[in-house]
Amino acid sequence: MVKPILAVNFKAYYPHSFGGNAYRIALDAVRVWRETGVEVILAPPFTELRRILEAVSGTEVKVYAQHADPVEPGAVTGFIPLEGLKDAGIHGVILNHSEHKLRVSEVNYLVKKAKSLGLKTLVCADTPETGAAVAVLEPDMVAVEPPELIGTGVSVSRAKPEVVTNSVNMIRRVNEKVTVLTGAGISNGEDAYMAVKLGTMGVLVASGIVKAKDPYQVMKDMAEGMLKAL
Amino acid sequence: MVKPILAVNFKAYYPHSFGGNAYRIALDAVRVWRETGVEVILAPPFTELRRILEAVSGTEVKVYAQHADPVEPGAVTGFIPLEGLKDAGIHGVILNHSEHKLRVSEVNYLVKKAKSLGLKTLVCADTPETGAAVAVLEPDMVAVEPPELIGTGVSVSRAKPEVVTNSVNMIRRVNEKVTVLTGAGISNGEDAYMAVKLGTMGVLVASGIVKAKDPYQVMKDMAEGMLKAL
Amino acid sequence: MVKPILAVNFKAYYPHSFGGNAYRIALDAVRVWRETGVEVILAPPFTELRRILEAVSGTEVKVYAQHADPVEPGAVTGFIPLEGLKDAGIHGVILNHSEHKLRVSEVNYLVKKAKSLGLKTLVCADTPETGAAVAVLEPDMVAVEPPELIGTGVSVSRAKPEVVTNSVNMIRRVNEKVTVLTGAGISNGEDAYMAVKLGTMGVLVASGIVKAKDPYQVMKDMAEGMLKAL
Amino acid sequence: MVKPILAVNFKAYYPHSFGGNAYRIALDAVRVWRETGVEVILAPPFTELRRILEAVSGTEVKVYAQHADPVEPGAVTGFIPLEGLKDAGIHGVILNHSEHKLRVSEVNYLVKKAKSLGLKTLVCADTPETGAAVAVLEPDMVAVEPPELIGTGVSVSRAKPEVVTNSVNMIRRVNEKVTVLTGAGISNGEDAYMAVKLGTMGVLVASGIVKAKDPYQVMKDMAEGMLKAL
């Protein structure tokens, strides 16, 4: 049976995305995973990766980096090659987020290298067209997020459902297997329900969860919304 | 009848790519166009665009910018929006050259905007995969150039013919109309002949012409090589 | 006798900064130079440099590039090394504008290289402290422009006179010779008068002139304001 | 009494700079600190910061980040604001390393912000001139590292002693308090001895320690070399 995906981008809100706050969100995510069985992905800042991995240890919750630098290991001060992220124990990486865009060749390099290291890739795109372009590079997941809706609380699945359906159509034309996610403005269970109803396999959410009063409840609602839509 | 394409990237060699030197290459290119009828594209530095346009005035030789900045007109000191390039009278732009890479979303933005302004786009890629990725964005031309061969004089069409054929195959799978060019290391008529024999419509050449002792002769040989291969 | 400086950054407004519009501003600037004798510097987009140089030919009006890429001549598609700018005939370059920031080492590289090529340098800075930092690198001119005032029409010399006086003081502590300019929000003769009264040798202006209804009149007023303040 | 400084930039060598390897270098560093009393600074990759902090807990060994992103907390996926680094418990940051250069205004922003958060700053520069330029911004430490010697094993203190003495002289002219370090190619106790003899307060070392067969012994030799030179 196919499981919908709830991917949480912690971004770098302060203090929400760091330290004890980040840790508590991870524990909440574990609880939602236990209660609903959806696939949960957590993407905390680089400095929190190891601790969040401890928080989810023994569960099927996955931990992704928010970005990967397109570098080989070596004399690259302040950058982290995929080998270093892999060494920390993570399961995958988000690439090309609209707040951390990559060049076409860098996406290709990182997707291929992640694959060779056994890491999953979730590549973001700002339009259905760019979603299809990156889908050609065969990542595991593509999330289409119109930048103008990111962080607004106005969800793409309600405000611009045609972006979601166009994304699915355009991506499917060039890649039949890649998992498509919906992102930007997702803030409640209804948004998540719509994302799956419109043909994607899950949602990529940031402030809607990380800055929520009760992250557990929001994640729970989203998980249940997606399950209802299947 | 289809005409093969000879695209000349002047890059920024000094003094070759500037002033009188650049002007003479443009006059040579006009001569080759008159004698062979191939489609000639010249891409001089920004500062030379207007003069090179004068040099080719009254001919069908086209002038492209080497790059376009992904900006809107306005307070963007030192950058040039497509509107400003268009105003100079150019016919098209090279985008995403391996020496001036663009983000996925920037390629998409620039291709769409160029189209709306009536400018042609020649998008570069470093591998067949990235060539296919950018082809999804529907530029007019895609040139696949393995960076490790650029400037070497070892042509991709002889050293790595499979890169050329894979590019054509992978690009055709996602875009049936886009014109595919061969680049990297092209330095004589034989290289150009092979590029067309392998299924592309022309070549993107830089040092092989710009730094040649006799740019006219090299361009002439390439034009004739391509015509012979059709 | 010391002449105040009127530096005009054309930026990339459309259509103001390009083609016939840019040319007319250059002719206006020549007229102001003839009538007032102030030192006039014009910084049009790269694509307009040669034509603006023609417009000011035979005068003492100077033409600067808005930016210089920190590259050596060669395989640097879409970039222009200082040698290429010099070849076009320009007199100097603006560096590190807040819309085109450079790394510390790049400013140093470009200032030194410009000097060796006989080109003047006008380095921008966003605060008095960074103004002093770049002054250590011994450019010909430093312009301190608080980014939050750029393009507002609210001049730094009236809204934040302490930024101007602090800049002069901090820069003088590390460099006794460099010419200090005032920038950001300068839009009329009074602003220019204040800039000189506060201890700087001139102004760096963009939209206040380039987007003005009557650029000639604004430049004339500014020139006269500065002369009155001496 | 003044203590010489041994700053270790782990960079991103694989597997040296990560996981168990990084942890062991940290324990070695603690031992050298106990045995010699020099000030030891460790700068591991972002993903290792928390674990290295645990390794040095209860000692006076300091942990720095290798870089800081010039961003405010918030929607900045894959970047880490200083607040997030501070939250992890670190003591300071390296800024403007030649492998991760910053713009002039970014160095200023980060130095000021680090100060307000109680974090120390070690700013790198590629020449004596740029060393003086960044010293104007009042960081705690400046390390001058000629990029052409980084990673070579040929130490600046032996190959180009004038770079070290010029750095001290030029920096002192604009900032009397900042601590000056020597970097690039430092690989043994003799290099460290020379660095202090030439007037700096310590060394910034990477591969010379991190990729050494016996990092403990190299650090011990360097610490003793510096103490001998005082």
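In order of appearance the chains are A, B, C and D, and numbering begins at 1 in each one.
One rule holds in what follows: a residue touches a chain if its C-beta (ideal position, glycine included) is under 8 Å from a C-beta of that chain, and two chains touch if they have at least 3 such contacts.
In this text the structure is predicted, and so the values were computed from the model without any measurement.
J.: Approximately how many whole Å separate the CA-defined centres of chain B and chain C?
T.: Here the centre of chain C sits 35 Å away from the centre of chain B.
J.: Can you work out the whole-Å distance between the CA centroids of chain A and chain C?
T.: 45
J.: What parts of chain A, by residue number, touch at least two of the other chains?
T.: Expected reply: 98.
J.: With chains as vertices and touches as edges, which is it: line, ring, star, complete or other?
T.: ring
J.: Which chains touch, pair by pair?
T.: The set of touching chain pairs is A-B, A-D, B-C, C-D.
J.: Under the touch definition given earlier, write down the residues of chain B that touch chain A in their complex.
T.: Residues in contact with chain A: 96, 98, 101-108, 125-127, 129-130, 132-134, 136-137, 170, 173-174.
J.: In their complex, what parts of chain B are in touch with chain C?
T.: Listed in rising order, the residues are 9, 11-15, 17-19, 45-47, 49-51, 65-67, 71, 73-81, 83-85, 87-88, 94, 97-100, 150-151, 206-207.
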